[in-house]
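A, B, C and D label the chains in the order they appear, each numbered from 1.
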Amino acid sequence: MAANDSGDIRTAILGASGYTGAELLRLLARHPDVRFSALTAGRKAGQTIDRVFPHLASLDLPHLVGLDDVEWESVDVVFGCLPHGSMHDLVRRLPERVRVIDLSADFRLRDPAVYARWYGLEHKATDLQPEAVYGIPELYRDAIAAARIVAGPGCYPTSVQVPLVPLLEAGMISADGIIIDAKSGVSGAGRAAREEMLHGEVSEGFHAYGLGGHRHEPEIEQGLSAAAGRAANVCFTPHLLPMNRGILSTLYVTLEGGATADDLRAELARRFAGEPFVRVVPPEVSPATRHVRGSNHILIGVYEGRFPGQARLVSVIDNLVKGASGQLVQCMNLMFGLPETRSLDQLPLFP
Amino acid sequence: MAANDSGDIRTAILGASGYTGAELLRLLARHPDVRFSALTAGRKAGQTIDRVFPHLASLDLPHLVGLDDVEWESVDVVFGCLPHGSMHDLVRRLPERVRVIDLSADFRLRDPAVYARWYGLEHKATDLQPEAVYGIPELYRDAIAAARIVAGPGCYPTSVQVPLVPLLEAGMISADGIIIDAKSGVSGAGRAAREEMLHGEVSEGFHAYGLGGHRHEPEIEQGLSAAAGRAANVCFTPHLLPMNRGILSTLYVTLEGGATADDLRAELARRFAGEPFVRVVPPEVSPATRHVRGSNHILIGVYEGRFPGQARLVSVIDNLVKGASGQLVQCMNLMFGLPETRSLDQLPLFP
Amino acid sequence: MAANDSGDIRTAILGASGYTGAELLRLLARHPDVRFSALTAGRKAGQTIDRVFPHLASLDLPHLVGLDDVEWESVDVVFGCLPHGSMHDLVRRLPERVRVIDLSADFRLRDPAVYARWYGLEHKATDLQPEAVYGIPELYRDAIAAARIVAGPGCYPTSVQVPLVPLLEAGMISADGIIIDAKSGVSGAGRAAREEMLHGEVSEGFHAYGLGGHRHEPEIEQGLSAAAGRAANVCFTPHLLPMNRGILSTLYVTLEGGATADDLRAELARRFAGEPFVRVVPPEVSPATRHVRGSNHILIGVYEGRFPGQARLVSVIDNLVKGASGQLVQCMNLMFGLPETRSLDQLPLFP
Amino acid sequence: MAANDSGDIRTAILGASGYTGAELLRLLARHPDVRFSALTAGRKAGQTIDRVFPHLASLDLPHLVGLDDVEWESVDVVFGCLPHGSMHDLVRRLPERVRVIDLSADFRLRDPAVYARWYGLEHKATDLQPEAVYGIPELYRDAIAAARIVAGPGCYPTSVQVPLVPLLEAGMISADGIIIDAKSGVSGAGRAAREEMLHGEVSEGFHAYGLGGHRHEPEIEQGLSAAAGRAANVCFTPHLLPMNRGILSTLYVTLEGGATADDLRAELARRFAGEPFVRVVPPEVSPATRHVRGSNHILIGVYEGRFPGQARLVSVIDNLVKGASGQLVQCMNLMFGLPETRSLDQLPLFP
């Protein structure tokens, strides 16, 4: 389905001056079907992209404008990279015709009360929430293709749900007692100037955070519960890695129905056979974030546990690609009837 | 107890050209009671320390010699930084009088069969093994003070046993199902030239290793079992951090006897009150490796779990100090009747 | 000019298991005209690429073979990523028809005596040397297009000659007294396991090397002398950066003929207008290696000096792309009559 | 000379919540003659040190207070870590008796007009300026010992003046055309939250800055001119390293009076013989920042140039120690008649 007469998808990126915005620009600038109709920024409105992102200076891109300066009639798809709480009102103001791909949490949680509890914000688009589709193509491909509003999954939840949803659906692991020990590079925290994200504070060090609870918990539990057909509960502990890109989640699960670690690996391999971005690695391989850096890949390893009835999984993604912008370009391709891998064939950058 | 007439502790470091050797030199060079009588190296024998460790060039240290060139009669204490399997024979050749502090695994495991299974080496000093004392002063202070042979604990096992042994002894957590998700900087892998430890391979990346089993598992289980009074079993997953120094262990435990996370924290605070190197942090603080870099400190945090009956702990150490050389200087101080903190009062280096 | 009947360029990479080999694979795997006919390795012959480079496991690539197992008749172009001294004999054994793109220094220096002096090796292909073309397309495009043998420039020399050759040709700077203070990430040193390239040795530190003379000096002087029409002499001081990719060269030059820094910038802008990979930045911008990471770009800034008659230039490249594999894919495109940018349009990866 | 009846030096640190403040605390907390009477902070006043610097939580330190809450009568020495422009008025308000050691630039430049031009601030203590002594002990030891006000040198200027002042005094190098290519870790930029100092912006990258002129230029020229007895002029180009601690300056100088690089090295060795913190390395050694990390050392190498009449020098310091807090503790020791090395004997931390 072409977006307009010219065949171009006229694309607006809202909040283009952050890291997910930069990544969308990197990926979409080489997309043959995309034309940028508007790039917005808050404090940086009025600046040129080469000032905000010198690494993109070779591109011929529109200047950054304020949100109010966007002409919505010349927009086919909106990528929202705005702070949580910004999209509810905005989506309502858009022409019906415009597709919305939102990287914030505003449409991720189906229950507005859960959203309010974890984000401290009232959900102001409860009427639109039911039509929002959660944007993991490997799990919800058909719904995404038909969606007007795609809720971009969190980076951690992507790394957890891709490996665990199929196993819960297959009844091979328990929905109880899932331990998620997750580690992320700093780009997941965005580009805002905060003391705790300075190089001097982050490099050569490591720590856990969110020990009292993290917003990605209810998002993960929502997806896992749907897969299990009953309430799943997880213990999620995120940590901050002294590096820029990459998430690795170490998952500790309880086997069910007599399944073994080998069975789990076989099931994932079967389920994801033919998926261009998912690779289930053999048991002697340990997935590393450096093996997916800059790419839309997710690698999954399955290993025996050390207790009877236990297994371990390790998944890795680039949090800015498969964990954010790349996955949503994948969704856009689906929504506009394009080959799913278009503009997403970058190989990982190593070293 | 002075070591000899002069009052100096005449000290030999075997394998002084690696990272734990460098760290012993850094710590002991400022120790008022220590005099270096011999520093040995293998391939680098004959070199001066300023060639091997330019950062120590300001010190006036003996040249590196081969192991056969050490005059044992002028040695009071030996620090062994040699590869696993080197110390069994060597200890037997030493005068009874000489104290041995071994950083290898040769005397860590009480059961020679376990040693053989995990290290692939025959235990050649089974007669000496019973007198070896496991060198965590906060847990085994009196035995260390009286020991001739101290087995230097592994870095990961130190980070796990200091927080968990007291809780097992107090019957507050279960010895079953303990999950240890551990992360270490690269210096734990030593200074040997290996492709996988190159800067290009390690930086900006993260991965798990030892997924099929790791040698520190039986060492951890030995200590936890002794504390619990029955066989403990752990699921231990180490990961490699893109940084040089620091271990963080995230521990998932099952509460017993009605204990809560707050109870655990209180028990650890009580047990370690007065310990100069242990700090139990309040629940709103998350220990970071950067808070102990270069110091002999261990920080421990206790947090509620996300499941009923579960708690989480986080511990951090500098793997080269509290996880290796620093802890063994602490042992040496005990063995020679000196104040335990002597030469170990370095504050962490941050940033 | 198509390479064979099928239209494919049948490509062999010799020494494919190092970093420049990996980078060639990354770039050429997406090249529509390239088919890999052989990938060789030394110690790692027999292994699959996914073992040697897990980040490329999604590709369907031939196994690594030994050099003797290559069937040269099914090869159109050879990329040589072998140690210096390996290519002289080998090129002679190839069919005339096969194009050679050599990343070693074997064909870089026109004077075999200079080669012998700096590399400590006899030049064994002095008869072939005259036909080798130095592979900087922006400077020697026509000769490269017609060449059978392309000598891949050194990474530092690329970063220096692209900005300075035009200025010397225009008589705007002196060929005397050029100071080159250059800084490189570690990937320039390759993937060989050496103690001084360990993460523990490199990270969080910085030092100069080659202070007694560096092999890239004569290479730089050769290019600058040809441009100046007389002997140029440079003072070249390389330094090692605690990062993986990127070279930044700070160049201190003496103005000639009344030129100013602004004149230099204008001349470079004029000379490189239309060049897809070169960008001359405005004076208020300071080129950063992170702005070219993973791309084939070179950025050049020109600044006033602090002395009368002096100017400064700063250039940045990704040493593995424009400084090695990318530039040589650019050469290959020229040699086979393809668009010069084919398969080289990757945007920089930031952060 | 003891500071008061108790023998303690009652010490106030103004602006203790930044990196130089943290470093003063690290060094002075172990100083047997120092007692902290006040620690101040701006926005963070009211907080405890363990909140601001968790790595110092083991110390028993006073809370952070506002500047107005300091009781000056119980202060013997003030360390000023405040923004430029803060100390002129403040010093005037202090009792005569109080020694002032200022880490800002407020008293570094003898000519108030130069201060005004480079810092954009009026010099409001021109009457006090003449008594301020520039705080490099190796160059101005006697004056420092007698000073009431010590102007803490900039980090870059320290790395340049220690090696060059003696050579200019000896007439061995020219005061003209000195090129300073300097590289610094990020901690020199302080702890303020700024986008360009985020981990995501700094790591895995490198760039020059201050290309239009940098405030340390006039400071360096002031010191070199005094040494030369005539106006010195320098070309100073600073760069930002992707690491936390360390400055390396590469210096390109013109020889005078027939001196050779060997002569320069010999002169520096002679001049600094007996200096506890200065080491002149042999020509085959290249100083690395990692060899001084965390210590008050400065290493200096001298090398032949590549042009006739040219030489190169390389100096390294830890910018937070010898480049800031450490050097000023050294000054304090001199001012109070204590051994100059007291509390400064930390060995470098490597790796």
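In this section, contacts are C-beta pairs under 8 Å (C-beta built on N, C-alpha and C of every residue); 3 or more make two chains touch, one makes a residue touch a chain.
Treat the numbers as computed from the prediction; the structure is a model and nothing was measured.
Visitor: Going by the touch criterion at the top, tell me which pair is linked by more C-beta contacts: B-D or C-D.
Guide: C-D
Visitor: Could you pull out the chain whose C-alpha mean position is farthest off from that of chain D?
Guide: Max centre-to-centre separation from chain D belongs to A.
Visitor: Measuring centre to centre with CA averages, how many angstrom lie between chain A and chain D?
Guide: 46
Visitor: Just give me the whole-number Å value for how far the CA centre of chain B lies from that of chain D.
Guide: So the centroids are 36 Å from each other.
Visitor: Where the centres are mean C-alpha positions, what is the separation of chain C from chain D, in Å?
Guide: 40
Visitor: I need the residues of chain B touching at least two other chains; which ones are they?
Guide: 19, 187, 200-201, 203-204, 242-245, 288, 290-291, 293, 351
Visitor: Show me the residue ranges of chain A that touch chain B in the complex, using the header's touch definition.
Guide: Touching chain B: residues 176-177, 179, 181, 183, 200-201, 203-209, 211-213, 217, 233-237, 239, 241-246, 248, 250, 252, 283-284, 286-291, 293, 301, 303-307, 310, 312, 314, 316, 351 of chain A.
Visitor: Across the complex, what residues on chain C touch chain A?
Guide: 19, 22, 26, 29-30, 53-59, 187, 203-204, 244-245, 279, 281, 285, 288, 290-295, 297, 345-351
Visitor: Could you list, by residue number, the parts of chain A that touch chain D in their complex?
Guide: For this pair, the touching residues of chain A are 19, 186-187, 191-195, 197-204, 242-244.
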